[in-house]
């Protein structure tokens, strides 16, 4: 039998973001598991920021999945709005995960109330709808946005500074005991953020792929 | 100034469903208000039943809206999965409503716990995600599906019978004191269902258009 | 058939408040609908501020309703504590709405988490009981009181200033994306507040009458 | 100092109900505590069943309280709709309790999910509003009505039979592990019901007076 | 029949804490009731602060209970983590209460949203699990820790100052309308804290013993 | 570096249960990961059924962990009451998971509302406390017990029959779309149960070890 893939689909067009995700996946790969393959939706927007971005991304992610069913073991939709997650779950014979859902479930094993560092204020309402749909709002301490677009994350020094400031607010004012990074593009900052804040920090794509690999072995 | 329209968009391709909706809208039209214009997405599926149907419908509804911005006062996405609702709400200068959201909010003025008569079992999980995202699960007594596709609703006698049976279960076993019809295609049955069950019954497109018209007058 | 009325009942004795409500109702009146008639309970207190005020207002509102059943299509209890709402709903043949309930349901179509600008600190606990009874606490970002009695609202400049300050706290500290004015007497401030804060602002009596008119056309 | 009273106010006019309550209070009286004094609102309705009954009872209970402030240590509003509870709590210098609130809080120490045996179906929505306002719906397994008015409780044999049937449904279908009797008039049945069902049964007036006496000793 | 005891078990080894508890119990004792007997688990830790402390205390409390069944009417586990509460409740023939559960239930009769003054930050997550298990998170305004260990409470002046500061934050920022002292060792501060803050303050062991005595009279 | 272990600790004394767990773990082991080592607490009770069993198991599990810190990468407490979970999480340098928590989080990726097949009725209240502490009660469709002790699970034919009956009730009456087996000893039945019911079935120890292995690779 040929090698199967766990496709991690970055629905924005940024190869930099995809590269950051791929680097974060490295520790998760094991012989005997599907290959973790990170891909970019080339004609996606530079960042998934509006509901329009999300809803278009849902179909783009689904289209990618349909085109790769032959060698796919599963799919991860690697944008914090989980575009297409429930669409992917209708496809028989593969397992699909979203990074937002997985990040939240993972955070729930690390502390009683988690805070989310969001990209933009405009995303926070959408996230709350997700926490509501998941039935876990009781576990959400709050969300604070850093006010930077996905593309602006590339300026690492000022991004890290903004993330630390947001994290401090979540810890001090909102009472968060664990943090979730609310964007796949934040992957390179996990360790530095955790060190700076003294709280566990969840990188959402790692959380999703980590859950996916285990379930792929189980086959259910 | 030319006449503005409140577009009620049926995202499935059934003209019968659209005609049923239009009939239900009749009592709501008043001089001085935007015209309630019910339209069919001609290339939509016969019924919105899967998540794939919903997610494609979201973009189709959005495309229709973009093409009719010139004479639109607002939009109602007339499928119980509210496809594209949050997408429509990003469009400046118009007001948008979803029939599922409006039906639930309306039911909350008619009784303490509402029951939903769903089309198919497969839709119920999706509805619960909506009630969760709305933060109102406490008000939902339960859901019971009649196990008939949208197209099968055309057989009125057996549909009504199935709806009454579902309503009885919601009343007796789940403790519902008000019922919501979980499909725009059920509009013709509202009155008969209410008479048979002795509980108020919410027709979701009427609920949405009713709320929309008031808000259009207020302009916020 | 003679003209029917939708009675909007201000249970405090302030004709100024009633006049402010009536002005806010103007855009909602349409030919063919019941007449929106705003009335004052002449022997009510100057403001409904304590639980005693609320509970007495409930019976005063009910008494008014009983005395006007002949020409009433419906009733709106126009105080943010919704005095008598459930009492009015026991009356057959009319539809009744409360401004607090309607404002909250309306806010839920405008943003994910709403903030409430209350009159006095002492009302906030009572409001939370209402949000709890409605099962929507998850959608409430918070409440901030302006610390002014109903009669003090008449000083418009300082009231507006206090409302803007409360709104800013709800937006910045509590994360509200939509605001609800927690008193019928605040009606004249809606537009200025919205302009100042850049968030949608719900005027509760408009919200209630808007919902009531639609439902009266539907007859259920 | 003269003897103070803890007034237990039965807001319906039934002396039989008051006598049943008084009998249930007997084991709670201790030297050094305020005297538990059970009184009847002579001009109350035979049973508190509608919202109108509840709202009028609120003022009647409050009026009684105002007239007895001289020798009152506290008040218990002894109807399961807790008429006037929040009104009584505005009175300085006395402590006030409601039997519904106290029964629920007490049940929460006896099992994880409680079931309520209601008098009439029409009361259940009102009760759910109370559980919602208290923020405890998660602890409510369900409610089942016996379909008998307060006055019909006097037929003890058939009442007990109906209560046992309701209790069995709450235990088997709703998963209740503790039961609350949803009417002060059910006091005489507590022990027999508990023996028949093998679940702890909360008598609400006992629950309220029990809590009130302790708090009166503490003085806060 | 010999005198029965209501054992109030301090699971930390501090006789000072036990003495403070005993003093707080004095107003609750009445002739005819079981004797309120406050005891110290001599080999307990100086303060119950970690989960390890809590889980060991659970078995220590249970062991004490087993050894005193002959003359016990009931038990109160007097540490704010309620160690052993559900263990004690498995013992037939006695009634058992926890001070955390009782304090929360009592606070719910004094205000709509309570704030908790915790000892250490590390306890707050554990408390939130308790509020979640009780299904009452909606009633919790928030928690603020004073950052002092149980033994450091002995320095009364600085402890009171820290408690007032925490209470102010709970009142101003979190909107608490009633406070719960989150440690049995805080008993001596109740009155001064209440006077300083102008909010009702719940002393948890008083709350628990107060509820226990009433229920012991009732015998259920 | 010597091989590290992920210890899966069965806190009951049944080697049969441990063997069943070990068999279920086989598909999860990969080269490069810690060794999945299933152990039995030899002096544990035959089944963890009472709160006393749970609380003693907590300390036994913790003692085992302390004694194996040298070669432990992490611990899984393999009893559905998660004995000692929060105790294990206080130990620095290892990762710890509970099978109940992990099963619930995993079920939340497989369906909107999960049902739990419990061993005994007496465990259900304890489980609800866990779902409450996790803040996920909204996702729980219900629980049904099979009424068999852990040791009686050995009779496979009748156990499977009882599990299928419980699963059918959860599906039909409670509306569950995914099932969780509420005991580590049920591991051998997962596949047969899933085939019989047509719903995904979560085996809790697989869920926990699956999550643990991914997190161990990530090191956070």
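Chains: A, B, C, D, E and F, in written order; residue numbering restarts at 1 for each.
Following the convention adopted for this analysis, a residue touches a chain if its C-beta (ideal position, glycine included) is under 8 Å from a C-beta of that chain, and two chains touch if they have at least 3 such contacts.
Since the structure is predicted, the reported quantities are computational estimates derived from the model, not experimental observations.
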Lowest number of touching-chain links that must be crossed from subunit B to subunit F: 1
Chain located farthest away, centre of subunit F as origin (C-alpha): C
Relative orientation of copies subunit A and subunit F, as a Cα rotation angle in degrees, nearest 5: 180
Distance from subunit E to subunit C - Cα centre to Cα centre, in angstrom: 42
Rounded Å distance, subunit B centre to subunit E centre (Cα mean): 51
Distance between the centres, which are taken as Cα means, of subunit B and subunit A, whole angstrom: 32
Subunit E residues counted as touching two or more neighbouring chains: 126, 129, 132, 134-135, 137-138, 173
Chain contact graph, described as a line, ring, star, complete graph or other shape: other
Every chain pair meeting the contact rule: A-B, A-C, A-E, A-F, B-C, B-D, B-F, C-D, C-E, D-E, D-F, E-F
List of subunit B residues in touch with subunit D within their complex: 111-113, 138, 173, 175, 177
Touching residues (chain side subunit B, partner subunit C) in the complex: 27-28, 30-33, 97, 101-102, 105-106, 108-109, 134-139, 190, 194, 200-203, 206, 209-211, 213-215, 217-220
Subunit E residues touching subunit A - in the complex, by the definition given at the top: 124-126, 128-129, 132, 137, 142-143, 173
Subunit B partner contacts - residues on subunit A that touch it in the complex: 50-52, 55-56, 58-59, 62, 84, 86-87, 89-90, 126, 129-130, 132-135, 137
